[in-house]
Structure formats: C-alpha cells, structure tokens
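Naming follows writing order (A, B and C), and every chain is counted from residue 1.
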C-alpha cells in the first residue's frame, strides 16, 4: 500500500463527516484528477467552469457551477488554468476577496515570464492570499496513485495561515508538503519541474570529454599504430579492449576530481588565513556536485569491473592462450613459474577489488535514505576517510598495473605513453598535496582556521573562535 | 540513533511536565508495549483492566484502574482488545461519551468481517470519536525500538480534530502518521498488515511460468536429445548451462513486458482518439505493476551475469579448452585467428554489459528514496528513455549472440530452434511498434491527444486542451 | 532541488510578509549560518552580540544589537554560544523571563558534563522555556544547502508549546524535526553527533577477529607448511588465494550469527515457558545489531564473489592451466571427462550464486527507504524465510565445495583441517536447532507462548492471551 489515499480507498466517496469544501477553477485534466482525489480523501469539491453545462467527465460527487457561484462555496480556490487565461479572474475580484487562491500552473520553459505565475496571479487579484502548490505532481500520478516519482509538493506563499491550510490539504492527499517560504520562491518552484538533472550536467559533459579524448588516444596507439607499422588489423579491440582502458581511466580521474576541490579549498584557506571569505563560484559549484562526480566515477568503475571479468570468455583471449600453449609445446619448453609476476598480477588485482569494494560502499552511503540515518560525523568519516582510502587503493591499483614496464621506452608508440600513465597525473597530485596538508604543523593551522580563528584579526578570533559556536 | 523515542531515552520516565494523560484499555502485550513507550515519551498512562489487581508486568509509572475509572482520567482511550470482546464497552457508553477511542486491532485474515473493526466499534459506542491507528506497528518493534520495518502509522477517522490529536501522539512516539481520510478507510488499513507483496504476485507467477516452460524446453533440446541421438550424458548441464539460458530469456521477456502495456495504451488512445476513456482493468493493473516486472527482470539479468562470469571456472569448460588445445596440437595445426569472430564475440559481450549497466541504473532510480529526489520529468526521462535504450541493447545482445547460426537448420533439434529465438519475439514486436509510434506524423497526433485534444468533440478540446490544465 | 530553502531561494531576502522575528545570541560561524538561512526562509533575524559594533560578516538584512536589546525583539532566542560562556545569561534573567531559549550546543566528548548543556541552561536561567535543537546540523550544511547528511533535527523540551514553535521553525527551514520528549533527552541528543557507528562496533570487531585468526590459520597451512615440507615459496598466495578463503568463511559465520540469537531466544522462551521475562542484555544487544552483522557478512560475500571471478585472469592460474595441458600432452594422454566432477563443480558454483543473489536481496530490503515500504509481515517474510534460505544455500555451497575430500586425511596438514571445515560448525548448528524448533510439536508451543500464553499462570493467559492484544 503506497501511502496515498487513492490506492487505499478506491471507493471512499465523501462520507459527509469532514465538511471542508474546496473549489477548483477549471475542468481540465489536472483539475479533474485533483478533484477526484480530493473527493476520495473526503473533501467536498465544487468545480468552477466557464460553461458548467458543457463540462464532461467530471468525477461523480462533484458539483459544477459558474466561476462566481463556485467561488462563493469555499474559501480555498485551486486555479487549474493556464496563465494566459488568468485575466478573467479580475472580474471576480470582489467574490475572491480574502480567499485563498492556489496556483498550480507550470510553464513550458524555464523563466518563461519575467515574474512567476503565482506572483502574476497575486498582482492580478489583489486582496487574495495566493499560495503556490501542486505544480510538481502529474495528473496521471494523481489518478493512478502510482506516485513512484516524487511525492513532494513545494508550497510557498506570503500568508502563513493560508499556506498552512494548503499544506494540510496536501498532507491529507498523502503527499509531502515542503514549505519554501514566501511567494518569491514561486519562480524557483515553477522552474523545478522543467529541470533535467542540473547537478549532473557538469559531471556528464566532463566524463564525455574524457571518454572521447582517451578513445582516440587509444585508437591511435592500439589500432592505427599496429595497422601502419605491423599491418595488423586490431579493429576488434574497439569493442572491449579499448573501452576497458577508457573506463578505469575516467573513473580514476573523476574520483580524483571529487577530492581536488577540497584540497584547493584548504590551500585557499591557509593562504587567506581565514575561512570567512567566500570561495570563488566555480569552486563552490564544483564542491556541490562532488557527489554526482563520484557517482559517475562509480559507474565507470562498475563497467571496468564487468569488462575485466569477461576477459577470459573472449574469443581473442581463448585463441591467444591456446596458441601460446601450442607454440611453447612445439618449442618443447614449458615456461617456468615466476613468483614475482604472480605477486605483481595478484596484488594488482587485489588492490583493484578492494578499491572497488570501498567505492561501492561510498556509493551506497550516498543514497538519500542511508545518509539520512547517519550523523554528520559518521557521514564525514565515510565520505572523507573512506573516500581517500578508495582513491589511494585505486591509484595503487593503476601503478602496480604499470608494474615494471611503467615508462620503459618499449611501450612508447610514436612517443605516446600508455593511456593509464596520463590518468595517474591528477590522482597523484591530489594525494601528494593531501599528504602535505595532513602533516601536523599545517594540519594544526588549518584546524584552527576552520574553528573560526583568523590570522589577521585578534578581535574576531575572540568573538568567533572562542565564545560563539 | 534511530529516530524513535525508545532508542534514545531508555530512562526518560515522565518528568511530569507534559500533563497529557492517555488511557489504554487492555493490558495485553501490545497494550503494555504502547504504554511503556508513551511513558518514555513523557505521557502519563492509565491502564483500564477487567481486574486491575491481577494485571501483572505493567510498565512502572503507569496506573491500573477499572475500565470506567481509567476512562474518566483521559479523553483519549486506546482500545487494545480483540474485536470479539468489544461488547463490554457498551456498558461504558456514558463514560466514553464525547471521548476519542483509538482502535488498534487487526484481523487474522483479509476481510474477515463484513465491516472493519473500527466501524464496528463506532456503531457499538455511539457518541465517541473513533480513530483507527497503530495497527501496522508490532509490539516487539515498540519495545525494542528496532523499527527496521515500517514506521508508518495509517490513521483514519471521521472527526478531523480527534484524528489530529491521535496523529500528534503518533508523531511524538517517533512514528510517521499518514492520514487516510474517513473511517471507511479502516477496512483497507486493517487488511494492510495481512498483505504479502500483492503487487509482486503477477510478476512472480509470470516469471515462474516462463522459467518452468523454458527449463523443459532446454532440457529436451540439450539433455534428452543428445542422450537419445548421441548417447551422451549431458545431465550436468542442468546445474549451470541451462539456467544460464533460462535467466537471460526470462529477463528479456519480462523487460519487454514492462514496455508492452505502454505501447498498447498508446494504440488504444490513437484508436479511440481520446485519452478520456478508461483503459480496461487488466491494462491498468499491468501498468501499475510495471515497476515490479522490471525489478524481477533485473534479478534474472543479475543471475545471468553471475552465471556467465563463472563460465571459465567450470570444470567442464576447462576440460574442453584443454582437450581442444591437445587435439589441435596432435593434428599439428593451430587454428588461425578470425577477426570477424573476435568482433562478433566482443560486441556481443559489450552490448550485454552496457545493457546490464543501464538496467542496474534503472533499478537504482526505482529505489523509493532516489525516485523521491527526482522530479517528474527526470523520472520519466530515466524510466522511459533509458528504459527503451536498455531494451534495445539487450535485444541486440541476444541477436548478436545468435550471430550467423541464427536460424540455420544445423541448430534445429527435432525441429526446435534454440530457446533464445523464442525469447526475441516479444521484445522485437515492442521495439517495432514503438518505432512506428515515434514517427513524426503518429507522434504528433498522440501528443495532442495526451494534451487533452479529442478527435470527436470540438467543444471539449476548447474546454480542456486550451484554457485549463 | 533538494528540499531545503537555501537551494531554492538563494536570493529570497525576507519579503516582510511573515512577521516572525527570531533572535540569535552569538555571531559565531553557526549563528551566522543559521541567521542567513532564516532570512532566506522569510524570518527577520536579530543578532545579540557582546560588542555589536565589532561583529563582522553578518548576513545582510540582519540586525545586530546588544544581548539585552536583541532579546527584547523576539520571544525565541537561539543561543549559539559555547556552554562555558553561558554565565553572562544570568544577568539577562529579567529580560529572558518567559521566553524560549533554544540550546544548539554540542560537546567535544560523550557525557563531558554531569548534566546536558540544555539542562544546565535551564537551571541557569529559570523562568525560561529551554528547548534543545539544531545540534545535529552543521554550519557548512546550512550555508551550502548540501544537506547530504541527515536532515533530522532532534528536538526536546519540557514545554510542549515552546517545543512546537521551535519545530515549526525547523520545518520551515526544510529540515525534519523529531520530537524526543522532555529535556531529559537532551544529554542523548548532545551525545548523538559524537557517536561513530555505535551499532557497527560489535560486528566490526568480531569480523576483525575472525579475519585475523583465519588469516594466520591459512598462512600456516598454505604458506609455511609447503615452505618447510616442500621448500616451495607460496607467499604470493597471501594476495588473493588466502583472502579468498577468509572472506567466504567470515561471511558464512557472520550470517549464521545473525540467526543464532533468534534460535537462542526461542530456546529461552521454551525453557521459561513465557515471553514476559526480559532476555539477558547481551542477547538483547545481539538481536539489535543483527542487521549490521548481516550487512558486514554481505560485504565479505561480495568480496568473495569478486575474488572468485578474477581467478581465471590470474597469472598463476593461467600458468598452471598451460602446464597441465603441456604435461598431459607430453604423456600423450588427454584426461577423460568425469561427469560427476562436472556435477560437483557446477552445483557448487550454482549454489553459491543463488545464495549470493538472495543475500543481495536481503541487503536491498534492509535499505531504510525500502523497508519503509513493506509491512511487518512482508518484512518478517523476507528477513526470516529468505534469510534462512540464504543460510541454507551458503552452507550447502561450502559443503559441496568440500565434496569428496571433505575430511580425508590427505588434506590434513600438521593435523589441521582445511579452514572451511571450521567455518561450517556454527551454521550447521544453527540450521539443526532451527530444524528441531520448526517441528510441529515444538513449534506449536512456541507460537502459543509468543501469543502471550504462559505455562505457569492460568490467570494471565486469560488476561493476555485471550481478550487483550
């Protein structure tokens, strides 16, 4: 049972005990769905329509009247009408005076109008209490009760009492009202349903760029080079071998970029000797989308794992193994077992697995419902301590992978080093700086700064650092 | 700290500041647990019992009186007594007049009685405000504070004020009250704790049928056939090889069935020329359990991945590889490397991995806490766009798997094609129809219909499509 | 859009409609962040400071006055000052009389002071309503709106109305207030932010001990033994082979320990013939951290799966395969295919996969947001029925792994059996006892006991078992 009214009481027509009447202007799809649901939850509903006689398909149990008649029946009026047609409300100013108007409208594109629909409505019909609500809920969701998507209803308005009454209705419908403050919030609320993963854009584009760059880099080294120099057709590598180079590289770099801003911030604070100066905007934004960066990185890591585990199934690999065996056989010499190689290959794999494991842990703890159960200290512990451990393991994994042939000229092709070498630059930088930052002397200063101490002002240190929280 | 009172304040006995007194009828297990918790949260509790002297084990700090005495102490009375024994309350009608009776009872089977216990109670004791609540919480959870299961307390009642007071108590106990409307909701609420995954039943049975059918289908082709025709014992295939055919097939079919209803609905709307006619019930129900269908499919896909990745570890596979090598060796001819086969095997694997990756993404976004963070547009984007991409990738994965030997007579056994061929029917149908539906001309009509336009009625299109939301 | 005010309205300065004024004592980091946020949510904010002139960096739109002046402006005063400096408030007793003081302070270590800061404050300034709140929220989170960590604000206080007003503010700031009862809860609330996974400690240490023990056990058997007796250097096994013995063992034992307490509890109840006697504390605690035990076990299982799947990629394994083939080649005899071995290896793998699959299911259902959607019966079904099935599968997986060579002397080294043999002790015990417990006769008694029946007292059985819930 989803905790909505609809799912539960398909038949609960108003049992006339709860007297509250709500008026809905407009008999469109959303208006009807909302009315339907309100009836189910025990409200009595009056529809206001331009030509009541011609309104069809209204939920049974609802009354349909002209706008002005309907308005008189209730002191809460939900306006389910497109902004372009608000004008007719001006004629009703008298009837509407002192009533609560709920604006549910959405626009077609972000910031379509200079002011939000709700504010426009408020200007249009002075003397009413305009409340913005319900614009995040879809008609279909209301009807079917399949509120898989958000149950959250953002509410804002200038009159607390009016807002409170609307929030009560929202709650009764089994939805979650979220007070967003005064009506100036309306424009934000109206833009919200039009957003498409705004926080994910930067990580997404960034990873796209990384992938494309490294794809061509690898194609040059592993397809074009052998084709030209050895006349070998290695195109089939583009299906798995090359992606399986790109993904771990992207994962590692993105993971490092999660921790880079924190390091930069620390340096800035050390340099300025105070934490009371705002960071540049790009840094702020970067810090706010760290979570998304990390999750994208996790995605790449996941793909890398899968691509690696299928290696032995691949035709190419099986064929190669077979031929090696056969050739060795023919030359009649079995290769001896080299412990160091065993160590290298095993520890490289082990590091990778442990890194991935911690990475998954980080991902799980970033689930809203999980991070809601932990306190601030625990959250910091996981995201910072475990996070750095993950970064260290993954970097080590890559370093060991390089092993002996790390920068040996033999692997250079047209002077290009293997791709993973480039991937190591950022992570190593981050780790080195971090290592310097946690050295006692520096760490002490930083901690004091973060506790409010300021290098240049004794006074404020007295004020903030000492007595106040 | 789970956000319940118990966990936090094992010792907070009522510090006599909050005066509110609550009366509990019945000293059974649940009554005592509830009383215990209320005391912890600072209420003063009075138990009403048939023979107060003989009631043992009551939480310290609570008073025990006869029913009528206890009732006089508070205007909220929680009735923790089995429905069969409600009759004695009739004698108390006078004392109870105007008080709030909270019905916490549950039944042993769904719709055990003609009317809900709460409604029965209301008839029995007129002049009281009956509120249904707490029936979803277990005594053990209250005592131990281990509210791992739902914290949700469904509340319904005909009197808003009474309901509000009960909901305040629920909130104070660290639980989440959910207003379910008038008392007619009680029967639903009483049935809720007796449900066992109602939405999952259809997907579960469906997949069971699929598995059984394809199991026998594969056994015939891969165990019985070779046994009869080649006298080979291939029974061991039943442990891994055959399941690893069944699971991907089930996953693919179920995934396709997630998108089939949407396609059917679109066709219906196009045919009817309106969206304002209800779909047949089977379609509605199907649409509402799409999420469950998809998650079951994901489960099968997950199993398929694991079963595939262990292939190289299997004794059979290793033995086969070894023998191939040896035989080739003996015949003294290493097999040449065929690029096309490499391409085929690699791209087949790659498609599978990408499909599975997107599938996992879909699964994660269907977690309640995640889908709660996204707006309707984002949810649609993921579930529809990414969903279809997943379906395309998985279908392609299967098609490439077939590769050259797709329907070649060589693979027919007793005229039966390989199982995966059957698995492709539904997905391909869905994809083809969808492809037709998104062709500009058709898509345009569909969009207009979904915006409220109706083919046969100019009028309503004016009413709904244009002015109203 | 995270449902906080900040994220949404970076610019919503108070639009002077909502008149409520809040006073904040102290201009420290947290005070300013809180003030900033409140302004955004439409409150008017007055800061109280020791020397108002010298307070810098206050959010624009806020007033700064002396403590006493500021206090007069509002009847809610948020004290963002360290406990050590509360004394100055005594001078303000007159001004503060009858006002609400909100204590947001935290300590540096758990139970630092005999009484909680809030209670101390209440004693210090009699005649005020002290409410504890906001101590779980970090200044940075308030500023940036990046409330990834908990949104939960624990509120407690002795005066309901005062508490209610504070909870309204909390709600308006987009946070989730949780009423924790009277002020005695304050010490708990102040300790909360200092906790670091208290419930996880026992599982963590336990698994650490297990890992260390089995690590040395395996090192002795698989590294030292061959080194001494066969002069073979098997150290490289420590990277993967040995961890891949430890992890499954730890997983199996921990999983068994999840179900052991339940079994013990059942035995206790049968022995005592009643459920109305408390379990020993160690058992209670054990029962409450079962979830954590299970999740740690899942972690180990996950690692085991990864370590197993990479086997074919390892240098050692490839080298071995190759050599086996070559030697067989030389001796000119291909090994015959043994169906029984195929059965053994396949079914062993299959059991493991199915066990892991169910284990993952259990893990997912233990996610807060998921377990919140299921009712008590469903939760029990998953955690108990599926849980036991998982345990059975995993135990069988280990037993089959042993296969023929289970306890054959050949595998004994220095009389030590293989590690997995030890791992089987607890799981098998649990399963055997459980099997006995679910036998009709015993099960019947147990059920009756759990329904409230008591062996020794007819009376209470009448009281509890029969009439009351």
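Observations on the structure shown:
Quick note on the criterion: a residue touches a chain if its C-beta (ideal position, glycine included) is under 8 Å from a C-beta of that chain, and two chains touch if they have at least 3 such contacts.
Being a predicted model, the structure only gives us computed values, none of them experimental.
Rounded to a multiple of 5, the Cα-based rotation taking subunit A onto subunit B is 120 degrees.
In a homomeric contact, the two copies may use the same or different surfaces; for subunit B and subunit C, under half of the interface residue numbers are shared, pointing to different surfaces. The geometric centre of subunit B is 24 Å away from that of subunit C, both derived from CA atoms. Residues of subunit B in contact with at least two other chains: 1, 152, 192, 195, 309, 312, 321, 325, 329, 367-370, 372-373, 375.
Subunit A contributes residues 1, 3, 5, 8-9, 11-12, 14-15, 17-18, 20, 26-31, 40-42, 49-51, 54-57, 80-82, 85, 104-106, 136-138, 141, 144, 146, 148-152, 171-172, 174, 192-197, 233, 235-236, 239-240, 243, 299, 302-303, 306-307, 309-310, 312-316, 318-319, 321-323, 325-327, 329, 367-370, 372-373, 375 to its touches with subunit B in the complex.
The touching residues of subunit C, when paired with subunit B in their complex, are 1-2, 152, 154, 158-160, 178-185, 188-189, 192, 195, 275-276, 284, 287-288, 291, 305, 308-309, 311-312, 321, 324-325, 328-329, 334-335, 337, 339, 341-347, 349-350, 353-354, 356-357, 360-361, 366-381, 383, 452, 459-460, 463-464, 466-469.
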